Amino acid sequence: MPNIRFMHSDAFIRGGQESAGIVTSDGESSQAFKVHKGMGLINHVFSADSLKKLYPSNLGIGHTRYSTSGISELQNCQPFVVETLHGKIAVAHNGELTNAAQLRRKLMRHGVGLSTSSDSELITQLLAFTPPLENDDTADWVARIKNLMKETPTSYSLLIMHKDIIYAVRDPYGNRPLCIGRLIPVGDMNGKGKDNTETEGWVVSSESCSFLSIGAEYYREVLPGEIVKISRHDVQTLDVVRRSEGDPSAFCIFEYVYFARPDSIFEGQMVYSVRKRCGQQLAIEAPVEADLVSTVPESATPAALGYAQKCGLPYVEVLCKNRYVGRTFIQPNMRLRQLGVAKKFGVLSDNFKGKRVVIIDDSIVRGNTISPIIKLLRESGAKEVHIRVASPPIKFPCYMGINIPTKEELIANRPEFHDLANYIGADSVVYLSVEGLVSSVQESIKARRDNSPKTDKSFIGKLGHCTACLTGDYPVELEW
Amino acid sequence: MPNIRFMHSDAFIRGGQESAGIVTSDGESSQAFKVHKGMGLINHVFSADSLKKLYPSNLGIGHTRYSTSGISELQNCQPFVVETLHGKIAVAHNGELTNAAQLRRKLMRHGVGLSTSSDSELITQLLAFTPPLENDDTADWVARIKNLMKETPTSYSLLIMHKDIIYAVRDPYGNRPLCIGRLIPVGDMNGKGKDNTETEGWVVSSESCSFLSIGAEYYREVLPGEIVKISRHDVQTLDVVRRSEGDPSAFCIFEYVYFARPDSIFEGQMVYSVRKRCGQQLAIEAPVEADLVSTVPESATPAALGYAQKCGLPYVEVLCKNRYVGRTFIQPNMRLRQLGVAKKFGVLSDNFKGKRVVIIDDSIVRGNTISPIIKLLRESGAKEVHIRVASPPIKFPCYMGINIPTKEELIANRPEFHDLANYIGADSVVYLSVEGLVSSVQESIKARRDNSPKTDKSFIGKLGHCTACLTGDYPVELEW
Amino acid sequence: MPNIRFMHSDAFIRGGQESAGIVTSDGESSQAFKVHKGMGLINHVFSADSLKKLYPSNLGIGHTRYSTSGISELQNCQPFVVETLHGKIAVAHNGELTNAAQLRRKLMRHGVGLSTSSDSELITQLLAFTPPLENDDTADWVARIKNLMKETPTSYSLLIMHKDIIYAVRDPYGNRPLCIGRLIPVGDMNGKGKDNTETEGWVVSSESCSFLSIGAEYYREVLPGEIVKISRHDVQTLDVVRRSEGDPSAFCIFEYVYFARPDSIFEGQMVYSVRKRCGQQLAIEAPVEADLVSTVPESATPAALGYAQKCGLPYVEVLCKNRYVGRTFIQPNMRLRQLGVAKKFGVLSDNFKGKRVVIIDDSIVRGNTISPIIKLLRESGAKEVHIRVASPPIKFPCYMGINIPTKEELIANRPEFHDLANYIGADSVVYLSVEGLVSSVQESIKARRDNSPKTDKSFIGKLGHCTACLTGDYPVELEW
Amino acid sequence: MPNIRFMHSDAFIRGGQESAGIVTSDGESSQAFKVHKGMGLINHVFSADSLKKLYPSNLGIGHTRYSTSGISELQNCQPFVVETLHGKIAVAHNGELTNAAQLRRKLMRHGVGLSTSSDSELITQLLAFTPPLENDDTADWVARIKNLMKETPTSYSLLIMHKDIIYAVRDPYGNRPLCIGRLIPVGDMNGKGKDNTETEGWVVSSESCSFLSIGAEYYREVLPGEIVKISRHDVQTLDVVRRSEGDPSAFCIFEYVYFARPDSIFEGQMVYSVRKRCGQQLAIEAPVEADLVSTVPESATPAALGYAQKCGLPYVEVLCKNRYVGRTFIQPNMRLRQLGVAKKFGVLSDNFKGKRVVIIDDSIVRGNTISPIIKLLRESGAKEVHIRVASPPIKFPCYMGINIPTKEELIANRPEFHDLANYIGADSVVYLSVEGLVSSVQESIKARRDNSPKTDKSFIGKLGHCTACLTGDYPVELEW
């Protein structure tokens, strides 16, 4: 079952609720969609019974999202389904339209009432509305999708289901990820059938890491601007809509830094490898005399291993995760409030007592997590604590789908940033440079590009990445 | 808070789920609607917390409904809210549009995707769409409502909220009920202030019985075809849209027979009184030599008391309700299946042992409830059991909002109906005639009509009632 | 499955939680008990799954109770199971031991730690402990039960399960009810097999009303002091332990007045009939000039019908129950607090406008329910409202298992009682006399006793009833 | 609040349910215990409300456990509370009595009915019962505890609460862990007050790792056989009950290998350090020519780092944990069943493609986890996969509180064990030797022992560890 973004990191999510939904089709009648959606974690939304009701079906699309304003937002829950003159369509969307307000006004001026504030409904009604309207008997969905792509440049990865077809679409800038996997026939699971061109079906996902767990293997990415038509046994490129002349592609660089799972593959490279290279680059940019390198478990571990290797320092664990932490009901006194972080980690003090420690973190957003960790390490015997951050400071809001704290909350925009080491209690603190990050990301892509044949369509257009949250340089002009 | 249909009977509901919703407005900005909806009983949908979130607000509309296809239908849950060029509107609807399919096609042909199968969304999008569209600055909602009423004749009682106004609308045939109540100032609750024209606000409801429990008193009915504009301190008739020339009004007669709570008032009369008159009329039409009159608790009690009084027979209780019956998990043997009805009632056998019993029931739909009751009474010592039904047999489907079993399930359409007494095990069984029912309902209305001044607008047009489920005589031509 | 007290009235219960439990045995090994217990309503405690786990089994005992101190009391939940040297026993208990504190001290002095505050554990440990202890191989359970009955006179109805036997025991005073039913073979359900002496098994219950709903019929009461041994096909009296010389029996008279379901049978008479006689007696003791007699639905209806019949006044309904009342979350203003009772009832004002009304209530405990009802009736047009109470005033606490409000809360012990009519706003108020109640209860028992043969063991000993809560006259001396 | 075993590993737990309970005392009256227990995870059992009800209180004991037979076992949930002649006592127990059956029979012969199958009730009733019984006025709890320790040698760590005192007791063999922590005054949290002898109170726990998260610091272990009396401000050794002449102590060696959290301290050493030494020892015992060393995340990481360091091979991550795995509802085909392990881990294939990999695991119990991991690595490109296990094979059942699979399920007792590498698909597989494990554990203890003064009571008696599950050599003779 094709699905979009079943995996999500959670650091930028501010206390949000998750919702989830699946729509399936038996592939015969566009009226026969089966829908199940709900608020909360996937495991709460879907029971064995609710999944059974989605069968039998040959295809389907699913979605998970973080809603930020509570339980009454169920109607914002995706996929969004509407009935049109030409049957039902279901739409799952990852991203955020930069000109949504403009498009909403346009639709409402035509007399369409909008029942949610979600871009998904907006996209769905735009697909239903797109003039000139055909007669009752036929609908040219590809023309409608291309029209939509003309009306809004970014950002969106889309799955659109109609009858027995799913259209997978990525915006011309390729801002949000989308890739295709191939379900491996059972007999081929033992490695023999790797060359076999047969498949049991196709899956689409934001991240390739989800393929393994459902018995699929990575097939390829959907390219920026590409419209892919997926039917039971066939994957076919219908068109590639190009971005404005001269614009480079703009895949979100923060997927590499933070959001994606380390085993996911984007643009031909494993996220883990990029993160390790960021650590190595950081060792070049900001070395430090110390006894050991460690990490805040566990997302910064690849960068820490890269840093340690490049520096020739031992990699040592200083904290262990306390997996049993749950909600904290009562905090009867100051002591517990002081020790919030001590509930999340155990301290392996014998490993670093009397030593100079370098801690690699993947990002510092507000600064209120690293500070008590440093204090904890010092109290447990660390002689020095140096912080190295494997990404540049975040300074600007994202209008393309990532939930970033307000400008005021970001530590990089606050006065304390000028004396950050002192503020967080470290002996020193250095961030990776933007150039260092970009080269860690692009280095191996460029190498492969240089070695690829001219006919390789994957490398069409100018290579680029969206670094807007770091530089304020947005890929498209923002409209309000 | 105006509300629509907070009360519902449950006999014709086939295993359905209930949903509920409330939308409130602070009366200032049309963007500031607060919405809470959910599946399940009102008490499950609304917690103290969710209600608090609906405040502060000056006005609001609510809705409860029975969905028939399960949990994924939350999006069908009312009130329906959409954003239009002129702000948000919220719509609550009771009834069923007889030309819904036609109207859906019309909207979709204009490029509007419909996200639910509910008439409420249809009505809301029709209100948003209605051409000719005004410019961005103004919207004539009354013109839009009147246009809607031209497009669909029945059946609907509507509450439409926009900014600080609620429009209460009843279809030209008056098929579904709707009435207005007045919130009584606290100081006036002790009866002194009855003549006081002051009010603390207005409420609208399908049934007047809900007023008492929220400290309001009955004010008046919304008339068939009337558009009432309700603001904080004012109730004002904007227009009365007339039905087709010569058509009588068509208020659902089954509200009197079955659905409404006995303390509700329709057309100037208490439902309890109509039911008692039905019992008296039944005694005239179908007397029987017996020792006592009783009822299947508890909806047929007024008819039973009326029958007993007219016949001069004593009214005696023969069954008591078992309030502790819950779900039946397992039925390990035949014995329990035979005794399903014995789980719902206790038998007061000493009250009727050796006696000839007349049981008054309010309706016999499928015949599978009365049959085991008769058997139970006989086994417990009744000498004779005669059944008298205080309404005529149901024979036809309802397309105006009442969930009636299929034609095939209705006992009146089955071969067993020809020898019904034998089939259900009674000594005799007689239904009230359609004429008897109609006269029981209309008798006192006509009396008041004859005595009212010519200027009384309540009596405009030809008096009639919808008896379609009994006679097949639908108030409007059905379109598909 | 024998069960004890599956039915309960709820008026004296003060905000309590209900718990429920079932223990079953396959009848072969005393180790093989299957237990399921939980807090909350039966339907929440028992799911289809939890019931399945109790099978296969040939016998079992169940229990429901109202706990008064919250969720942590699950361990007080019955039936209580302990392992003894002679296998497991399970005990279900209805009642309250008047000398519990004394017995607890005795057991603890012998080194038995008590893990709950419940009489059921106390009874179970007393049965396990009873000296002289037999050797490892045999246990004389009947001797142990008789020893228990010597140690504590009242009040208890007990079910004790061991291997394939259930002992049903009622205390010598017969204070709490207990009766035996016979499961009717399927083929005999149509009335033919009434004389058939065959049975499919036996059930025991506090109230006979529960038999019908499980396909059983009333067989007989367990007599005061009787020990009945029940096995799969046999019911056998093992002994009848007599009360102190000269003491009359002391069945709780409030079961007739209030607790029991009207279709239950105690001492050979239907509860409904007793209540109707109370109404007739009340008409003799306290007639009133009025236009109609009515009731507060629905427990006082038999008394109201009896009163109306004796007086020759019409019986008319003035209130209807609002079945849709749930928890009240918020009461945003005075208006709703004033109208609490209006949420529970609808008013059938056309039935009594301008009339003099007699309302029959079954009891007035605190006086805070009847007062707003009277106000409601007057506001809706009643000319006079007279209250007649079909039981005497409650003045004393119960130490035998009934949860009565504290002495201070009882209206009969408060100064307002001296001018009660004025306090509750009635034109007059009269209670039934204690003598009137006792004669209404005993009249038909005495008649049957006079007509029964000398050998009828049911009538052994002096007839009496516990009227302690009305008169302060307790059946046994209270020990602390 | 002192607590026992709030942390637990979960590998040997077979599908079990967790329960949790807390009992608090206000320290004044032994009747005033407040109890909250429940089935399920701590976070489900304890809400903010239920915790509030446990306050105000000065002391308390808590417990978490894995029940193995389902929901009806709530009564087995600890702490166990009973009322005795001398007030209530509450008992929390970690361990398993080797002579429980014998002790149960003894109690039952004295007429005590046992309501659960738990050792905790047994211990509690033994404490209540212990003869000779004192008179009503005094109770010598220490004598009772010592008597209990005479009756049963192992295994138990106990917390016994009575009025304002908690007794912390460890069995003479010290089989289960127990240690004491000191609550640090708020002002001293910044490291200044380390020498401060003041404390805000004491906590007791199975594992020291829990101290940090509640603002306490490690104080000392309870010694084998020690009875410690803890009051608000005082910790006092009452007695040390010695084991049989010549018997060595027998702390469970599997706490080091598997159960304990790596940051816990036992016998003066950090668990993490022992595990790292096991990895180093394993490198000495079973080196292998390879390209990299890795781990199955994340419990074997310290051993893997130790192994890599000793061998001079790079430590590299090959798998990442999939944190989003939930319940698997449906497995519609073979493919998913084959890929169970692929749902738990992501594969970092670029890190090991074409390389020879050594995987360090902490234990192989049944062999059904490591086998698909090896397959996964090979399919993703590993050239060789060698398994090194940082503990010896488990061969024998544990009767002292650890839930080990049956002998038949243990891979070390199955025929496949003789050709294990082939069975699990590895190129080679070697376990750590028993001697290697014991020396990794005892090495640093012995060093400290040799350097400690003769008066150090921590080192009294012969040093030993329970290796029964590895060698069959049980510390005490087993009784049935």
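In order of appearance the chains are A, B, C and D, and numbering begins at 1 in each one.
Note that a residue touches a chain if its C-beta (ideal position, glycine included) is under 8 Å from a C-beta of that chain, and two chains touch if they have at least 3 such contacts.
As the structure is a computational prediction, the values presented were derived from the model and not from experiment.
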{"item": "Longest centre-to-centre distance from chain C, chain (CA-based)", "value": "A"}
{"item": "Geometric centre distance via CA averages, chain C-chain B, whole Å", "value": "39"}
{"item": "Between chain C and chain D, centroid-to-centroid distance (C-alpha), Å", "value": "50"}
{"item": "Whole-Å separation of chain centres (CA-atom averages), chain B against chain D", "value": "64"}
{"item": "Per-residue multi-chain contacts in chain B, two or more chains", "value": "none"}
{"item": "Touch-based graph of the chains, sorted into line, ring, star, complete or other", "value": "ring"}
{"item": "Chain-chain contacts as defined at top", "value": "A-B, A-D, B-C, C-D"}
{"item": "In the complex with chain D, residue positions of chain C that touch it", "value": "35-37, 50, 70-72, 74-75, 80-85, 89, 104-105, 108-115, 117, 121, 124-125, 127-131, 133, 136"}
{"item": "In the complex with chain D, residue positions of chain A that touch it", "value": "6-7, 41-43, 46-48, 51-52, 55, 183-184, 186, 189-191, 200, 209, 212-215, 261-263, 269-270, 272-273, 298, 301-302, 305, 309, 314-317, 320, 322, 324-327, 329-330, 332-336, 338-339, 342-343, 346-351, 375, 378-379"}
